[in-house]
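These are the structures in question, set out in turn.
Okay, so subunit A shows up in both of these, paired with subunit B first and subunit C after.
Showing the complex of A and B:
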């Protein structure tokens, strides 16, 4: 164990940077979020109000955006999990000489800039994009499918972008499942399917949870991809906040939304780390 | 409970044969150990029996059933691992119940049999704990209970005691042997520890480089080794380069150089052949005082107290040094360095190995 004194020394550089450049600026927004916005002139002096927060809960439009954001986070997480687990299992348990090429393949897209990748998806998904043209030429559809500016487009783009995070977390988790424990289950009468369901899956649960938290939080706070694939109309919380600040110049409302988003992310991380502790405590 | 038979069992990876043509029959209720250095193929055999490794040749039979190509879950075996391999996410009770549930045992009978198995390993009150809350010895006992609870036809042990400390290991040896006797389950036990193999087994199979060297009772393995490898592997050997000086019947005299020669009860090599001479430390008799005619003379060079025994490094005439043992109480317990001694070495404790086998 590292002594507490040394632990503090190790954490100090990062803690200083985060405090100075993240925590303090964010906290400086806190008063703003209770301020009143007067269109045309900005922040009203000396006025404090809960209006900005109440509106998030009361306003139908804001509520819709919040639910949409959470739904998107959940579906992207689920999609990453379903697509990622088999791949992670193959990487962790497949032939040794496949491991490095497969991991490179997973990591490779991350070397490409986010904007470039999102543009790539636009080229593929627009009404006259590659996918729709191909399907129409094959005669499978008569009208172009609506693949952009809606949930489908965002899901495709975000799943693609966050899949590597999920896979890397899962590979580590699956590799941590002892082979002997699986062999023990097999000798006790478990079929391959049952070994997976009764041993491999529960023992990789901490990795599933960690990967899911990561993807969920990244998804609900993603800005660039939703902006590009969602367009000006199909908004999630991050793009909404951006517009409140940059286009409407309604800083109080933007700040309140920011804090709401942060609160959601933090409470989800808190809840799932409690879950992980309960599960992983046994692992 | 059934007999376990290997018929010319083999496993190779590419050109490299890990196990070669091992045939053996373990009688119903018998306890057989496979003993050998790491890499000798003993664990591979065990994993083939369990169905975790596919044999390259030969057959495995449990009773009259050919199980060579059955998956592990349909062999009806109990396997205890060196790493315990308990299910960390299940309680002790559920660990032991795992195999029973797979056999559709439920309700009252399930809890009765789980508790019975836990009582057998003296962990009756530990059912609600998780494996991480137990010590290593307790975890291994849970693993044993888990393996015996479904009443397997054959029990397999893969170095189950290697991770335990010395005292606990000896305790567990006795406990395990008693348990196996009372259950009467056919048992295959794999280990690199000769003490473990000799003390627990009805028969011991010594393996080297994938080949079964000798399969016999512990007494025969120790006192009547059939191959040079077994002679050199069992017991605590002194090794010297030497030469066969003369042959007489099955035995002969071995020349150690420096004017020293020893009688050996069994010599397989031709006269004049270069050999490795093995002398068991525990079979050397020490007597203080100068040597009489026909005895080896030496002086104590070093004394090491090891508890029940004292080890002496003895320098012989001609500069050879050998290690001998004596009880740590009694007249031989405290010989000073420089004391002249005479050595009596029984011809049965002297073996000659082909020189190239000496390193094994």
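Showing the complex of A and C:
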């Protein structure tokens, strides 16, 4: 045990930094989000309005961007799950000497700079990019396919970027499934497919949930990849916030959107932790 | 459960052989998918044409020469390294101290404090970015190096705290007590006994912190001044003007550095255990 005043002295510097440079700045966005924006001069003094929040629910364009963001979150999560599970299964249950090299090959792109990875996808997907060049050389298409500045581009790029997170979560979950239970089911005459469907898959469900929540929240929060692959026109919530602040200078609107995005992320994390706790209670 | 049971071909040998051929092929396909943009960027960096063809039409090192003599790139690289090293060091000192206090359970409300320390991971980075933009505009910190450094501490410190807490929780508290009984002072016991034991975990946390700082665009882009920019922000903004092979070259340098760091961390500390 260390004395309480020593503990306070140890924790105070970080607590102060986080309060001053994270908590307070985020809370200070709140009054801004109820302010009124006057084009050209900024914030109106002494005016309080719900307009910025109402617009998010009422305005067609904002609604479209929000649905697009959520839809993108769902489809990227699903794609990561479908692509990630076989790989995670191979890492967890495959040959022992494959495990470390495979994990490193998953971690390497994850640690690589995000702008570099997104740049790689631009080089692949743009009109004169590698994919279109290849398909045209093979004579499969006459006109370049539109693979960027739309849902296709964002799906491919974001799936690639968040797949490693999903794989690592699933590896941990599958490794937690006791082999004895799988072996018992097999001994009792289950086929390999059936063992997987009846034992491995349900027992790795907490990992599936955790990985899905993580990928979903990261996807709806993403700024860099949607901006690089979606361009200035195909917007999601994060890039819309970016433009409200940097191009339109409409801070009230941008901060209301920021809180909407934060609310989505936090409530999804909260709901999933409730769900996990209930699952743990049932076991 | 590994080793001995793996090789036996008992009545459930089918299961113990692990994933079937189809799953293995699919999984290896996904591994290739993960490396594709990396390979493409490296190929583009050595290509003589400004757009990519397969096979490349000619090889050149010219783009690397262009990057390494371009003052804008060099300044951005210097700025990025300065921020990454600086914020990681600050995060290490503040984060390990805080984690140690939490681990020793000497404080009330530890759960709330931990939540505050981890909160920057939960909030969308772009929200932290705009919050600091407004805050720095009001306080006159916008464009200052100190402001940028503290912003990077906010986004990197959760990684240090998390790995420090994980390493400490795997520790037998009695070891440090023993050192105290044998006459070591509190700080001595920490430095000579606890610190060496949690070092591999801290290295992993520091590495995550370093890479997070080096990677960051969504917070940094709101806070930099016109004269100082970081490497990822520079790449991010130059891509809007079109693909330039010098971007591929500087990206290839980053790929090389990341690969080397990862291999070194794996060799020295068995990094894969910490991801």
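By our rule, the second predicted complex is superposed on the first by the 258 of 283 C-alpha atoms of A that agree within 3 Å, B and C clash if a C-alpha of one lies under 4 Å from a C-alpha of the other, contacts with A are read in each partner's own complex, and residues count from 1 in each chain.
The criterion applied here is as follows: a residue touches a chain if its C-beta (ideal position, glycine included) is under 8 Å from a C-beta of that chain, and two chains touch if they have at least 3 such contacts.
None of these values were measured; they are calculated from a predicted model.
**Student:** Which partner reaches more residues of subunit A, subunit B or subunit C?
**Tutor:** With both complexes superposed on chain A, more residues of subunit A are touched by C.
**Student:** Does the superposition put A:142 against subunit B (first), subunit C (second), both, or neither?
**Tutor:** neither
**Student:** Could you tell me if A:134 is touching subunit B, subunit C, both of them or neither one (first, second, both, neither)?
**Tutor:** second
**Student:** Touching A:181 in the superposition: subunit B (first), subunit C (second), both, neither?
**Tutor:** In the superposed model, A:181 contacts subunit B only, not subunit C.
**Student:** Classify the contacts of A:23 with the two partner chains as first (subunit B alone), second (subunit C alone), both, or neither.
**Tutor:** After superposing on A, A:23 lies in contact with subunit C but is clear of subunit B.
**Student:** One more residue to check, A:202. First (subunit B), second (subunit C), both or neither?
**Tutor:** Only subunit B is touched by A:202; subunit C is not.
**Student:** May I ask you to decide whether A:102 touches subunit B, subunit C, both, or neither, giving the answer as first, second, both or neither?
**Tutor:** It touches subunit C, and subunit B stays clear.
**Student:** For subunit A, give the residues common to its interface with subunit B and its interface with subunit C.
**Tutor:** In subunit A, residues 178, 180, 183, 186-187, 192 are touched by subunit B and also by subunit C.
**Student:** What residues on subunit A touch subunit C, complex-wise?
**Tutor:** Residues in contact with subunit C: 1-4, 6-8, 10-11, 13-15, 17-19, 21-26, 28-29, 32, 83-84, 86-87, 89-91, 93-96, 100, 102-109, 111-124, 126, 128-130, 133-134, 160, 163-164, 168, 178-180, 182-183, 186-187, 192, 195, 217, 220-221, 223-224, 227-228, 232, 238, 241-242, 245-246, 251, 254-255, 258, 261-262, 265-266, 269.
**Student:** What does subunit A use to touch subunit B in their complex?
**Tutor:** It is residues 178, 180-181, 183-192, 194, 198-199, 202-203, 279, 282-283 of subunit A that touch subunit B.
**Student:** Contact residues on subunit B for subunit A in the complex?
**Tutor:** Spelled out, the residues of subunit B in touch with subunit A are 50-52, 71-75, 77-79, 81, 83, 85-90, 98-99, 102-103, 130, 132, 143, 146, 150, 156.
**Student:** Hey, which residues of subunit C end up touching subunit A in the complex?
**Tutor:** Residues in contact with subunit A: 1-3, 5-6, 11-12, 14-16, 18-20, 23-24, 26-28, 30-31, 33-38, 40-41, 44, 51-54, 94-95, 97-98, 100-102, 104-107, 113, 116-117, 119-120, 122-128, 130-135, 138, 150-151, 153-154, 157, 161, 186, 211, 214-215, 217-218, 221-222, 231-232, 235-236, 239-240, 243, 247-248, 251, 254-255, 258-259, 261-263, 266, 271-272, 275.
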